[in-house]
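Single-structure report; data block below.
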Amino acid sequence: MTDQPNTPAPLKLPTLSTARIETLADGVFAIVMTLLVFDMRVPTQEQVDAVGLGQALLALTPNIISYVISFIILGVYWVGHHNQFFYIRRSDRTLLWINILYMMFVALVPFSTGLLSRYGSDRLSLIVYNLNLIAVGAVLYLHWAYATRDGHLLGHALDAKVDRLVRRRILLAPSLYFLAILVSFVSIAAADLLDVLIPILYVLPANFDSIFRGRQDR
Amino acid sequence: MTDQPNTPAPLKLPTLSTARIETLADGVFAIVMTLLVFDMRVPTQEQVDAVGLGQALLALTPNIISYVISFIILGVYWVGHHNQFFYIRRSDRTLLWINILYMMFVALVPFSTGLLSRYGSDRLSLIVYNLNLIAVGAVLYLHWAYATRDGHLLGHALDAKVDRLVRRRILLAPSLYFLAILVSFVSIAAADLLDVLIPILYVLPANFDSIFRGRQDR
Amino acid sequence: MTDQPNTPAPLKLPTLSTARIETLADGVFAIVMTLLVFDMRVPTQEQVDAVGLGQALLALTPNIISYVISFIILGVYWVGHHNQFFYIRRSDRTLLWINILYMMFVALVPFSTGLLSRYGSDRLSLIVYNLNLIAVGAVLYLHWAYATRDGHLLGHALDAKVDRLVRRRILLAPSLYFLAILVSFVSIAAADLLDVLIPILYVLPANFDSIFRGRQDR
Amino acid sequence: MTDQPNTPAPLKLPTLSTARIETLADGVFAIVMTLLVFDMRVPTQEQVDAVGLGQALLALTPNIISYVISFIILGVYWVGHHNQFFYIRRSDRTLLWINILYMMFVALVPFSTGLLSRYGSDRLSLIVYNLNLIAVGAVLYLHWAYATRDGHLLGHALDAKVDRLVRRRILLAPSLYFLAILVSFVSIAAADLLDVLIPILYVLPANFDSIFRGRQDR
């Protein structure tokens, strides 16, 4: 992380664009978002003969719940990644590796979500799930912090207020996921509820955007 | 959906391009289109020894039918999505989320199609299939309605006639899929037939394009 | 295929770019090329205990052969598709659908290849394999024929000689695959050999490029 | 590899861009990086009933180790490929085929990694793993050697020193992997250790970048 000297060097490799990071990330997100559909199989004739089509479809309910939750959470992190690249317009080897780390944790989300939606009453699955999302959030923060450090990878000037808002917004999620782990030692049901509410915070337009709108109205 | 004020605000995040929505959507479509090929396995030696290669291949017929139907339906919705982005040239957080919702329903199409092609004589599978496609069509309509609302995300001027034609064309499919559900309470065979005919309407060049050609000939 | 009038119409949808066709096709090719790796599983402890690691790995030989052949054939058709888009710079709804049809047949190649490499001594698997590749080649020809028809989708002037060479080159493969079917009624081994040689023709630089080089030397 | 004459020919196909090679490669890398997640299944109720959730999750440890190692190694080769395309700005048929070969070996990495992390004490799995990575490295070298040969595919002038450094860096990995095979005949544990250390060399910023930084400081 110390390979960006302030004075240009004649032999230094020129700065890379971000196009391929974004293509790779979009590919990984596309696969990981649809991963849980691979498990959703049409009931076999034997299953249907045994319990009827209605029951056989009902048995897929946990799959569908995991799929929807996982899709939404991945949506939140895809949007977050996408928005950062509005500002980030250059890349270097460190940024490539932060992205690879980000995708490594992102690709585990369907597993963690499936675990939680099946074993939500078990504290261990809650801890695994929340640790996964803390890792995703922490790497997303690292991504922003590295890219904006002395602005060397930015394509637009970054307002200090926007920077603070972005940082606060990124850090909110891992803080809440950490809180959910703590809460789980008091009440697992309350921790589950908190875990359901966190992504909704990020989907609703109210939170982040309203700050700008509020400011504007004055 | 109310986060686009008419007056520009100094702190507001600048408008995003649509490049990554399109890359993500193309990735999801590529995976979902080929999803049913993952189930098409080369017959094992045991199967071939038991019934012969010919019979073992014939047993894959429902897989092949599901594959072809699902590919065509996904083709219809990929083309529809693709065409909208001819006009849509900017994005915002709401549009990102409408797209994520769209992909969430699109990724279920191979499942619904597989269900219908295997249990086409069961009303329940008909209802699941048609509800899935109604959801896809409704979100596609929402996508267009949101993007064209006061033109804030468009890159080209949109003729009011084109807008009307696009809306009518998008709404036609979910209306017909809703009709298929109603018909299924009278005759399941008729509903199945209707479900087969609907995508053909969208593949044939006659329907949408002929309006323009007809107009032009005068 | 008759929706391209020669005179521009005011209401006609503007010509679309080919960017998303190419992204979708690259996505489909990426998935389909790697599809056979999904089947290549690390031997389980039980398998290794029973026959030893060496034997367990040797048992994967047919998988590896299918994988390599399928990868090369898909490479040939990706290169062919890629090269056409050097000339094709605009798209319309018919071209989108020809592409969807192309991908539908392309995605079946791992299945057909797996079938042939496992049941190469059975005429039926030879016929399925060759019909699949005839379909791929025929749609690739259709793609070129449609796009170059009165040049409405081209971005570069197309020399009549290049056009003839491209057409001959595209048609060569399905002709040889058709020949392989005929040959299989005389000798299955000879048909298998022919099927192995055909892709090599397209990988070697000699064939297509030498025409240009030869011409140039004069 | 001899189809690039120095004098332009009127009939020669024009030089192709590298956009689609990069999209295809990013797609393949995205799939192959996430491939091992497909095997990481949420423990079933039966497994949890039998051994408890904690034990059932612990049983996934080899999967997680393979996943992390494979992701990092693929990251190294994605970065290497990505960096080459900073210089390479044109493509031809030979380059397309070198890329297809590269991806064919890259897609086997999750298999080889899974093999090594499960049977690391078996020399055979060490040999398979190291041969796979030697092949990947050799093709990456071929890619660079071909593209820089008389500069016909480069978009930037290439400093002879940078060229030497890039070549040395690419060749280092296959040399070390070859060394690991030799070492395995003395001590399998030492060869395993070497195999773990090699990718770390490429992730750490010290190695390649420090040459430039060092030079600059003087």
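For reference, chains read A, B, C and D in written order, and residue numbers begin at 1 within each chain.
Rule of thumb we're sticking to: a contact is a pair of C-beta atoms (placed from the backbone, for glycine too) under 8 Å apart; a residue touches a chain by one contact, two chains touch by 3 or more.
Model, not experiment: these values are computed from the prediction.
Contacts with chain B and chain D are shared by A, C. Counting the residue numbers used at the interface between chain A and chain B, under half appear in both copies, so the two copies meet with largely different residues. Comparing the centres of all chains, each the average of its CA atoms, the largest separation from chain B belongs to D.
Centre-to-centre separation of chain A and chain D, using mean CA positions: 26 Å.
Chain A and chain C have CA centres that are 37 Å apart. Across the assembly, chain B contributes residues 23, 27, 30-31, 38 that each touch 2 or more other chains.
Contact residues of chain A toward chain D in the complex are 1-3, 5, 7, 9, 11-14, 16, 19-20, 23-24, 27-28, 30-32, 35, 38, 93-94, 96-97, 100, 103-104, 107-108, 110-111, 114-115, 118-119, 122, 124-125, 128. The touching residues of chain A, counted against chain B in their complex, run 22-23, 26-27, 29-31, 33-34, 37-38, 40, 42-43, 45, 48, 53-54, 57, 67-68, 71-72, 75, 78-79, 82-83, 85-86, 156, 159, 161-162, 203, 205, 208-210, 212-213, 215-216.
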